[in-house]
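Just below sit the structures, each encoded as structure tokens.
Below are two complexes that have chain A in common, paired first with chain B and then with chain C.
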Partner chain A sequence: MAKTASYKKKYRFFKPREKKLNRSMAGNTLLFVIMAICGFFMALPLVMIVNNCLKPLDELYQFPPKILVRNPTLENFTDLFTIMNDSWVPFSRYILNTIIITGFGTVGHVILASLAAYPLAKHEFPGKKLLFNMVVLSMMFSWTVTQIPNYMIISWLGINNNYLALILPACSYGMGLYLMKQFMEQLPTSLMESARLDGASEFQIFWKIVMPNVKPAWLTLAIFQFQQMWGNTGSMFLRDEQLKPMQFALQQISAGGTARAGAAAAVTFVIAAVPIIFFLLCQSNVLETMTTSGMKE
Partner chain B sequence: MASKEALAVAKKQGTLMYQIKKNKECYLMLAPYFILFFLFTVLPVLMSIALSFTYFNMLEWPTFNGWNNYIKLFLEDDIFLISLKNTLIFAVVTGPVSYLLCLLFAWIINEFSSKIRTVLTLIFYAPSICGNAYMVWSLILSGDRYGYLNGILLKLGVINEQKLWMQDAKFILPCLIVVQLWLSLGTGFLSFIAGLQTVDKSMYEAAALDGVKNRWQELWYVTLPAMKPQLMFGAVMQITQSFAVADISIQLAGNPSVNYAGATVVTHLLDYGSTRFDMGYASAIATVLFLLMVGTNKLVQKLLGRVGE
Partner chain C sequence: MRRKRTKMSLTTRRSINGYLFIMPWLIGFVVFYLRSLIMSVQFSLSNLTVNPGGGYTLEFVGLQNFIYAFRVHGSFKQILTTSVGNMLIDVPLITFFSLFMAILLNKKFPGRTLVRAIFFLPVILNSGAIQDAMDLARAMMSGGISNASAEIAEAASGSGVSIDYYIQMFSVLGLPDVIIEYVSGAVGRISEIINASGVQIVIFIAALQSIPGSMYEVAKIEGATGYETFWKVTFPMVMPHIITNVVYTVVDSFADSEVVELAYDVAFTQNNYGLSSVFSLVSTIVTCLILVLVCRFIQKRTFYYN
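Here is the complex of A and B:
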């Protein structure tokens, strides 16, 4: 008896009924149908990228173009690996560069933005409003025109042609601070008060109490930032081939013209697959935290 | 006597220096981020605004020319006015619609059990994560008989001959709006999903006792007010996205597009900034766009203050 119940629970599409109030079966079905139709259109790019990388060359150039692959092959990937092995700078070097730039850019931004967001969300001090407004407004200025001044500043600082030229600006993007501040605002103040009475310093409160409680927020921020950093080719600031990230090398390969169309399709797959894997890792954790976050004011 | 002392203490506590000293720890926590923020964001923005009052071709030192860029922008540059009109149409349509879609989809996805939720989130977020995903649309909107949209419409007998979706000035803007909507489940969408996780579950039970009868009432009276911070965040992201549309227009309709039907403020800016190397003029365009977004943001934040009332 108990076994069938757990079986049912596991395979039910919607959350178990006893937990959900105010839900009708008709409503559930309607929502499911809507999601199925919309999901079809939204999934198109995924379908196309996966199919393209499995197409042999003649199918890639077929006219009229078809989305689905007829004779799937892994040729494109073997091509890609051959090209990678021939590259002038060992490909592992590009991968290392990407790990450094994306890793520090993502972790650094999440930590610095959260650290600054905490006082902005939960403390009163002179200048608070001004600082916060500046961050929000900064997101509205077109980055195309700030690129030139940015370049000048990075040259003045002498960090041109250095990983720091990509990592430091990435740590100070406005969006992360705004996102974290909004989530921290929702935390009940009582949570911090009790820790303060126990003699915890503000930094300890931030690290031990605030951060674990806003886990969905910083995981989401990590997804955004990872995607941003992963897409960075660094071509503006990094001159040495040995410093350039994988994204740059991959784009070079896919710019190889007709002969490399197959490898290019494989590159598109790799470029999309990495952030998707990162997304899946983070997102499943975002959704897990919900069961534990039942705090009360 | 005691009251005098108390007054002195109160006076001391009221001074700015005392406030700053008291919150020393706060400023320490703010410092690392804001030092970088001033260097790499505030300073460049201020420099750009200053450049908007100059002529600057990126080779010679900028020369001051007062309000000339702005005067030219509004009085002589017809294409700017077209692009401004397009951007406003774009923002007014895609902004609210995509905001509501983000919210709606995030809310529906939240109803599913956790594994399906992850998969659905991925599918809906896919267009934003797959770099150049909108290239799918160049297949769909292709102007010959083999374009998917033309093919289907011809088969159904809705149209008699193929339409040049991306070359006909009539169709460019509506098509771009559809593509943008499809692309727009990004930052706001994910932050809504995360926001929904933070809503206190016991509030739903309390609301049910208070007479909330269906999921729509629950959404308006419980869920939305509880996730107001995320709604504000989503709105700002939506504004920055819908006013800054450029990539899809350039990729699908070209820059310049036929009759400038797909021109937006940012494509115009890119035209001057990266093609004609007139950075002063480009900066002036950026400044105007900035003011436009700031104004819209003020308005939207006011509207959002009314949620759940």
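Here is the complex of A and C:
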């Protein structure tokens, strides 16, 4: 690396117009074909979901099944709205619950995990190694099995039947911390040192220097966490109907069986569409961050 | 990070600062995760009986549950070894497949975000409500209530390729059995591997985007070929995230493995919480050991930017 650094100094004013590296045309085509085949098979479920939600009922039951829709209708969605309006709790309430749980769970986890990851990656203090090993150990433990202790802890805290029962454990899960720490370790320490010399407080360094530089990492973490929280039906801790998230209500609709097949297809579309949109938003925001910009060696 | 040992006050102040940053997360972690881990250890050493009026009583029995799991229980050891074996097949394949895909998806081409979303689809479709709805759709497509058409569909899906023939051919060629088993195991799990690598691809994409563009410029100026650039710039820079992804893959593949299913069954259908805790503890320890070995192995070869 020392060699490249010295070359960098020499050619600092030379900027190539494009970053594309040389690769043969044949290689590119081959890669494109591989990717197209993989992508085609992976996109099939999505194609099926989109087409299913536009199919009228008779086409849904057709055998042998057709993937593409013949006479697209929005009937399924109107069906879904009628069912929603009939529900005992107004549907807007379910949506609000989902927004609260998903929003706070995602934002809270990203912020708390990043805050904790910063000193673990860039500071020295007693107990750091032990703490980090504990985090990794806790991730290995399968949480499906610890449902009983989890339930007892939630009741002991008195947050049973409360949004907090879903939000608080989500905020302090180990995976986010692990991911953020790995990315922060890659940042050049000299960047933080120079900020410290300029009199920035630790929090300012974290917020103004570390976080913008690891933007790809926390946007990625936000994608996972959003997906996790979005899929949460909360059936274990939330007993009151007016606290339950949208997922629960939608699952009830698709559990209605063949009679509600059209509405269920619409439900699938709604549930799948939101995380995909969130993913697209986050990914298109991930721009290449220049870690070394603002550094002179 | 160069600090002088003589100035203790500064060091202490910095470590207090560090703890302050960790504190909000740590409180939650200790309350929710560490506590339930400790409770599980406690359960595994005792006999738990649920009181009819609510609550439970613990009766300390020592290592009796562990002895039962290894000596008496019929399928535990076998299921544990298959789960670990599957994991060992999956982890390297998933890691390399996702690195490969991430590099492809990191190129600039029109519709790149959409293609990335397609590769992330399996993760999104994994949620419970979608699975239910998809099952319903599948049931309808294969003829709704009647079973006959489902049987037709099943018969039609029987593979046209006889795998045994190829296995035999390769063993005649003198390839070691271990390799043949590994490859045939891997080929049989291709769809699972692709489906399980959504998260890893996204992590690798983020890692690739964290590589400063100036490094590629330098490589280009020096006349490096694409191959050289990959091995000298890209690969060392994503190396730390290979560990991240290995850890994630292990966690993910264990979360829905057969051992966990067994432990879940024992806890919630047979109400034997002690034994279930033993199962999950033992599997956790085994995975941790494997992970420590793997991480040691990779870490030695890892290059850190600083």
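Note that in this section the second predicted complex is superposed on the first by the 267 of 297 C-alpha atoms of A that agree within 3 Å, B and C clash if a C-alpha of one lies under 4 Å from a C-alpha of the other, contacts with A are read in each partner's own complex, and residues count from 1 in each chain.
Just so it is clear, a contact is a pair of C-beta atoms (placed from the backbone, for glycine too) under 8 Å apart; a residue touches a chain by one contact, two chains touch by 3 or more.
Given the structure is predicted, the values throughout are model-derived calculations rather than measurements.
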item	value
Simultaneous placement of chain C and chain B on chain A, clash or fit	clash
First, second, both or neither for A:158, with chain B first and chain C second	neither
A:189 touches, of chain B and chain C: first, second, both or neither?	second
Touched partner set for A:264, first chain B, second chain C, both or neither	second
Partner chain in contact with A:52 - chain B first, chain C second, else both or neither	second
First (chain B), second (chain C), both or neither touched by A:251	second
Partner chain(s) touched by A:284 [first = chain B, second = chain C, both, neither]	both
Partner chain in contact with A:212 - chain B first, chain C second, else both or neither	neither
Touched partner set for A:103, first chain B, second chain C, both or neither	neither
Which of chain B and chain C A:90 touches, first, second, both or neither	neither
Interface residues of chain A shared between complexes with chain B and chain C	14-15, 21-23, 31, 34-35, 38-39, 41-43, 45-46, 48-49, 63, 65, 112-113, 115-116, 118-120, 123-126, 131, 134-142, 144-146, 148-150, 152-153, 157, 168-169, 171-175, 177-179, 182-183, 185-186, 202, 206, 216-217, 219-220, 223-224, 227, 231, 268, 271-272, 275-276, 279-280, 283-284, 286-290, 293
Residue ranges of chain B touching chain A (in the complex, touch as defined)	16, 19-20, 22-23, 25-27, 29-30, 32-34, 36-37, 39-45, 47-48, 51, 58, 105, 108-109, 111-114, 116-118, 120-127, 129-134, 136, 139, 146, 182, 185, 187, 190-191, 193-195, 197-198, 200-202, 204-205, 208, 212-215, 217-218, 226, 229-230, 232-233, 236-237, 239-240, 243-244, 266, 269-270, 273-274, 279, 282-283, 285-286, 289-290, 293-294, 297
Contact set on chain A toward chain B in their complex	12-15, 21-24, 27-28, 31, 34-35, 38-39, 41-46, 48-49, 63-65, 67, 112-113, 115-116, 118-120, 123-126, 131, 134-142, 144-146, 148-150, 152-153, 157, 168-169, 171-175, 177-179, 182-183, 185-186, 201-203, 206, 216-217, 219-220, 223-224, 227, 231, 268, 271-272, 275-276, 279-280, 283-284, 286-290, 293-296
Residues of chain A defined as touching chain C within the complex	4, 7-8, 11, 14-16, 19-23, 31, 34-35, 38-39, 41-43, 45-46, 48-49, 52, 60-63, 65, 112-113, 115-116, 118-120, 122-126, 128, 131, 134-150, 152-153, 157, 168-169, 171-175, 177-179, 182-183, 185-186, 188-189, 193, 202, 206, 214, 216-217, 219-220, 223-224, 227, 230-231, 233, 247, 250-251, 254-255, 257-258, 261, 264-265, 267-268, 271-272, 275-276, 279-280, 283-284, 286-293
Residue numbers on chain C that touch chain A, as the complex places them	1, 3, 14-15, 17-19, 21-22, 24-29, 31-37, 39-40, 43, 101, 104-105, 108, 113-130, 132-134, 136-137, 139-145, 149, 194, 199, 202-203, 205-207, 209-210, 212-222, 224-226, 229, 237, 240-241, 243-244, 247-248, 250-251, 254-255, 260, 263-264, 267, 273, 276-277, 279-280, 283-284, 287-288, 291, 304-306
